[in-house]
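Sharing a structure here in structure tokens format.
As written, the chains take the letters A, B, C and D, and residue 1 is the first residue of each chain.
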Amino acid sequence: MLKTAAKAGELANRFRRVRATSAELASGLSPEDQVVQSMPDASPVKWHLAHTTWFFETFLLIPNLPGYRPFDPAFGYLFNSYYEAVGARHPRPRRGLVTRPGVAEVAAYRDHVDAAMLTLLERADAERLAPLVTLGLAHEEQHQELILMDLLHLFSCNPVAPAYRPYRPALRGAAHEGRWIAVDGGIVAVGHAGEGFAFDNEGPRHEVLLRPFRLFSRLVTNGEWRAFVEDGGYRNPALWLSDGWATVNAEGWEAPGYWRRGEDGGWREFTLLGDHPLDEDAPVCHVGFYEADAFARWAGKRLPTEAEWETAAAGLSPTGNTLGSGLLRPVAAVAGDGLVQMFGDVWEWTASAYSGYPGFRPATGAVGEYNGKFMANQYVLRGGCCATPDGHARATYRNFFYPHQRWMFSGVRLAEDA
Amino acid sequence: MLKTAAKAGELANRFRRVRATSAELASGLSPEDQVVQSMPDASPVKWHLAHTTWFFETFLLIPNLPGYRPFDPAFGYLFNSYYEAVGARHPRPRRGLVTRPGVAEVAAYRDHVDAAMLTLLERADAERLAPLVTLGLAHEEQHQELILMDLLHLFSCNPVAPAYRPYRPALRGAAHEGRWIAVDGGIVAVGHAGEGFAFDNEGPRHEVLLRPFRLFSRLVTNGEWRAFVEDGGYRNPALWLSDGWATVNAEGWEAPGYWRRGEDGGWREFTLLGDHPLDEDAPVCHVGFYEADAFARWAGKRLPTEAEWETAAAGLSPTGNTLGSGLLRPVAAVAGDGLVQMFGDVWEWTASAYSGYPGFRPATGAVGEYNGKFMANQYVLRGGCCATPDGHARATYRNFFYPHQRWMFSGVRLAEDA
Amino acid sequence: MLKTAAKAGELANRFRRVRATSAELASGLSPEDQVVQSMPDASPVKWHLAHTTWFFETFLLIPNLPGYRPFDPAFGYLFNSYYEAVGARHPRPRRGLVTRPGVAEVAAYRDHVDAAMLTLLERADAERLAPLVTLGLAHEEQHQELILMDLLHLFSCNPVAPAYRPYRPALRGAAHEGRWIAVDGGIVAVGHAGEGFAFDNEGPRHEVLLRPFRLFSRLVTNGEWRAFVEDGGYRNPALWLSDGWATVNAEGWEAPGYWRRGEDGGWREFTLLGDHPLDEDAPVCHVGFYEADAFARWAGKRLPTEAEWETAAAGLSPTGNTLGSGLLRPVAAVAGDGLVQMFGDVWEWTASAYSGYPGFRPATGAVGEYNGKFMANQYVLRGGCCATPDGHARATYRNFFYPHQRWMFSGVRLAEDA
Amino acid sequence: MLKTAAKAGELANRFRRVRATSAELASGLSPEDQVVQSMPDASPVKWHLAHTTWFFETFLLIPNLPGYRPFDPAFGYLFNSYYEAVGARHPRPRRGLVTRPGVAEVAAYRDHVDAAMLTLLERADAERLAPLVTLGLAHEEQHQELILMDLLHLFSCNPVAPAYRPYRPALRGAAHEGRWIAVDGGIVAVGHAGEGFAFDNEGPRHEVLLRPFRLFSRLVTNGEWRAFVEDGGYRNPALWLSDGWATVNAEGWEAPGYWRRGEDGGWREFTLLGDHPLDEDAPVCHVGFYEADAFARWAGKRLPTEAEWETAAAGLSPTGNTLGSGLLRPVAAVAGDGLVQMFGDVWEWTASAYSGYPGFRPATGAVGEYNGKFMANQYVLRGGCCATPDGHARATYRNFFYPHQRWMFSGVRLAEDA
């Protein structure tokens, strides 16, 4: 019983911390910054703050807290994202048209729901709700990363190139040379099992047959990518998947997402810290799957499969340059004997199309719409990035995006057959 | 000399008043309300406030006030609208992505420019600038109307249906029956000439040959339009121009722009004052040219030409239910012997394609891009609306929109051959 | 009575001649050439041959010839063009998907209808039908011109650049210098009245007030247009209407429709006679209204209004380089004292938006959908072209196209104020 | 030596047979039928006939037959499909605009190339070319299937619903009940190895770890699919992948590709044999991956992976209702103890995204563009269909299409975990 109370207190504390982080991320942003939607793939900051709150209200408070009064009945429609089972919802590309409720009212919504949640978490049977609360917090952490991705995209559309936070030097040197790390093949188990939290798409744990392979010890750097650009990488169809080549031409791509030519002709990069000269030692960022695949072909290598990546990552501590570092950008790997930068810095594209593991069944109820319905046309990324909350990612974690998308913090680690 | 000083003081006062009205229109709006762009045809309120300021900075202060320091060099790019001669500009559909500068910084921009303008207007040679200042103020008045149109469109996209201002009853009764007012034909002069301000597209004054005609004494009402709807007006291709019928089908139109079905099946209208039951006596509003033309055909009548309208309006006082009434919506005509509602309430579609008058030459310089370059594919509207600043419109005033557009306050007055 | 029989015989003869011309135009074309639709604005040759036949079957034979058996009931759906009153129709952009009925079956359809029509025209009361038969023949003549326009567009999409007919030299020299021809102003009557056939949109005849003006004696030449191109005409926004400039950029236009750069860098023109070096003396062809308007502005002139054009053309013989010349292209004006090239060569853009004349009422019944419903967003062209059947055009004839269109044989004659 | 001559003779015979089949498929089609392109995904019959010929001319004759004169230099541009390495090519969506060369000229092209190929195949060193000739023939067989798919789509766009061939009854009865066939798991080898021809994407042969599973003995029938339709399958978002649900709504799908409602409300199906009442016993056809996946979810089952399918098919004879049956449609399985309909009838969607096997390297040179560059966003189908040339498919054969596509002969076989 004492143990339960302690656990409940722990959960409440964790709830407070995660919720406070979201608010902290929005601090310093004007109401204007928080309301605008810069493209259909992105959402306004204000929407993220409200939607994560809606999750707790809809799935925790309304079914479980007797007498709970929803903050505003309209919010159920406005802040549902894609849960068909919960009813109609405001269309995604129109999220940016909702100027009211405003930032202040969303803050009040958060306060209202937080207070009720803390009441709920104090109840005797709170432990029963722990899995769903934990899911809600993991969900909010994902939106914390989305807040930063979406804000970076919004600011990138602004000719005055605003900085979200002031630039802090990383006090690091040149990227180390790197080397190939061999991993044995055989029958290995991948996927999540056991006690800790994981999303439904991380399981069931199952065996796969791997051939021996090698991973490069560090991420591909901006300097290496510049060589690809200068070698005509974006102009040579032989390097590209057919759909990728069509995308390159339709979009007029000639470099990663936020690279820009400076007035002196040199490359610069737009970041959450504003516009800066390209850091050649830092990992390349904001490249899509098509680009990652073309780069690997140009380099005579390939992308790892997700099973390879997970096998190589299995014994490592899931820590690195994540949100807590405050750097808000990937930085150079200056040292390290074995695999470095596996967690944090940038999400690493794998060669694996996103699909359900053998025996996969979505969670039941509306939260089952979380992952399974997106299992087509996307590719798996692994490892987390500089905008991922500390402790959010793990070796079995499966992130996924469409192959043309590149507004997230995504990069490349090369693999080769042994 | 005294006279000149008086005139200069008058101009400065007028400058202060017009500029204050813009700020007044934005009062009560949140920063969120002011930054979002709801469609490519519309602009954010903040953009209107900045763009009208940019006009004075670019065309008055920089060329004429020695030592004037532009508020921010980036604003020239951000807040130019369509003046090709003045240089590159931020693309119109992306105006809503500029969250910084924010509302507060735009207010500071306005203060900076206003102070400089008032200094400029105190100079001995200020009279020389009067025509351009007057043009700038007329331009700002046009954007005042656009602020209200664009805001109404934005709010109409919000499921919570916000009201811009509280509803005030008009204290009026049923629309009077109306009657046909005959106007003689012959050679008549139309277009602007003489002292007062007019836009370049209002001249040259020239003669045209008119046949005798009749105008209906008041505007078409919502109740009359409802009969058209219920008679299948939106489903009968025989009533429509071919391009209009294609638009009706592509857009799924079945009623004017902001009509909505209430829960009881009755028609309601979304307005700047929120969502209300349809006022059957008020003039129909938010109809495009295609609809106006189809309605007239259904009624066995036609739209007036702009020369007819102007001839009929020539002797009337250019006053009515305009912005100063504070009603913010068209209201029923309850009395009046002759032509009523000619000015204010809603802009009246004419049958005239918008083109240059005989001998028309655009003003020289960048301000010459104001009207002439839009003389294709649009139709002329006359008379002003409930969002037009008092004194802005006049009998010769030529407003113009594309035939499918209907987010402005536009309605219909019928005509027939004598 | 004799007179009536003579008239009926004359009509039958005319029917035979017009119908034979359509077949003659298709001779030498393969079935492949006749079935493909190269863009939504164009139709397959086979469709034109069938649709013109459908007109006679639908409006003449079915209502008037007792016992007439429609050739195929499906054809009513397949070959209706835009007559909403006659029932559902195959969508225009999908006309090219109908490979069956094929060319041979359409020929049989024509024979079937022609035989029945000649039977009908022999009946005692045939004179009663003369107006509708005449309309049907005028309609077929319009489609004869469309056959050539649409075929030229189709062939222009083919990398092997086929020629419709072999090139025959025009045996003409350099274009003459040309001069300005003054025309008096005043109240003039325009529009059709009287006995001869005219389309409904040519009337009612009515008076307009004209100011004195001048027309240039000949058409603008390719050589003059080349100077416009080389002066950066297609790159200077100050010359263009706003919608025109948007079109130039969206389409990447840098010259008239079928101009192409040869391997030596010189301009060539694709024509019904294949690909040839640009004839600098010939009239420019395949320019849209936006281009015509921009050219006139560049030249310091303007386009004539349709009333001006008609007034100037009133006394002239409506003959020139039309279909009967067999040249199939506009050719240089080498001599002539007054206005030359007014009829034939190329349709001449006017400054007049296409709308109904005062008092215009469409013909009753389905044939009333012929002209009136297109009276929006288009501009009037006058005079006929090298693909217009001889005798088809006249001074009051009003052709109309959208301002961006240029696949027809369209060119420019300049005007200026007196 | 004798053996080589025999082999060369065999290859020449096979060349003749395959080439003759293409011509046979086009017999009975008019030139009109052969030139039109009904959508960007499809190509004209004439283009298929020319493109397959171009393959032999480009990759066999020009490099290997001294003195070979290309039939027409323009054909290299016109009839290249997607080989970037071979130079520029006519854009795919514009293939239907090329009316010249026509059907007769393409036949002459085929004759010219066939004669030269037979000369080439008689040369002493012809055996050296056998792999490339064999690839060319396999390529032509693929286009034979495409001819039928594309023609069916074209005819489906024609309101008169033409039949490609007369309907011949299959003389079969009701579909048998079917049962679940268990397959053991374990480490199995999949992919092609050894002597016979296979496409590069079928290798390398490699081991995978399978879990025990069951396949249903026959294909899903039209009757079973009708139950899905009637159960609201196309209106229930819970059954669909998110991208699939978006497709259903965007396209307005409510049944398989060529199902249509008859006048009595019953379902009919448009086929190569014209329009017929739906055969409830025949396998469902013209469903995309999204539909296959949704159906499986509705049925409480899943799609097989390609490794599962291949393992189950490994011992079976790769024969069935393929092109040689002349039925031109999938037909009911009326008997059979084990797995039936594995080859022929319809291609079977698998759950496997199309990607390269471990160690996959594309063939070198331009023919290496054949398969590898399409390894993104598509799904693998297995087994062949009623339009696949006899002997073309095999257990390791990997067909692939985008998940929304359904104009091919594609259906569903269900799987489940053991």
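Convention: a contact is a pair of C-beta atoms (placed from the backbone, for glycine too) under 8 Å apart; a residue touches a chain by one contact, two chains touch by 3 or more.
Just so you know, these numbers come straight off a predicted model, no measurement behind them.
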If you tally the C-beta contacts for C-D and for B-C, which one comes out higher?
C-D
Rounded to the nearest Å, the gap separating the Cα centres of subunit B and subunit D is 59
For subunit B and subunit C, what's the span in angstrom between their mean Cα positions?
39
Indicate the whole-number Å distance between the mean C-alpha point of subunit C and the mean C-alpha point of subunit D.
46
Could you tell me which residues belong to subunit D and also touch two or more other chains?
none
Arrangement of touching chains [line / ring / star / complete / other]:
ring
Subunit B-touching residues of subunit C, taken from the complex the two chains share
82, 84-85, 187, 206-209, 211, 237-238, 240-245, 289-290, 293, 351, 353, 355, 358-359, 373-377, 403, 417
Seen from subunit D, its contact residues with subunit C in the complex are 30-36, 38, 46, 74, 77-78, 90, 94, 96-103, 154, 157-160, 162
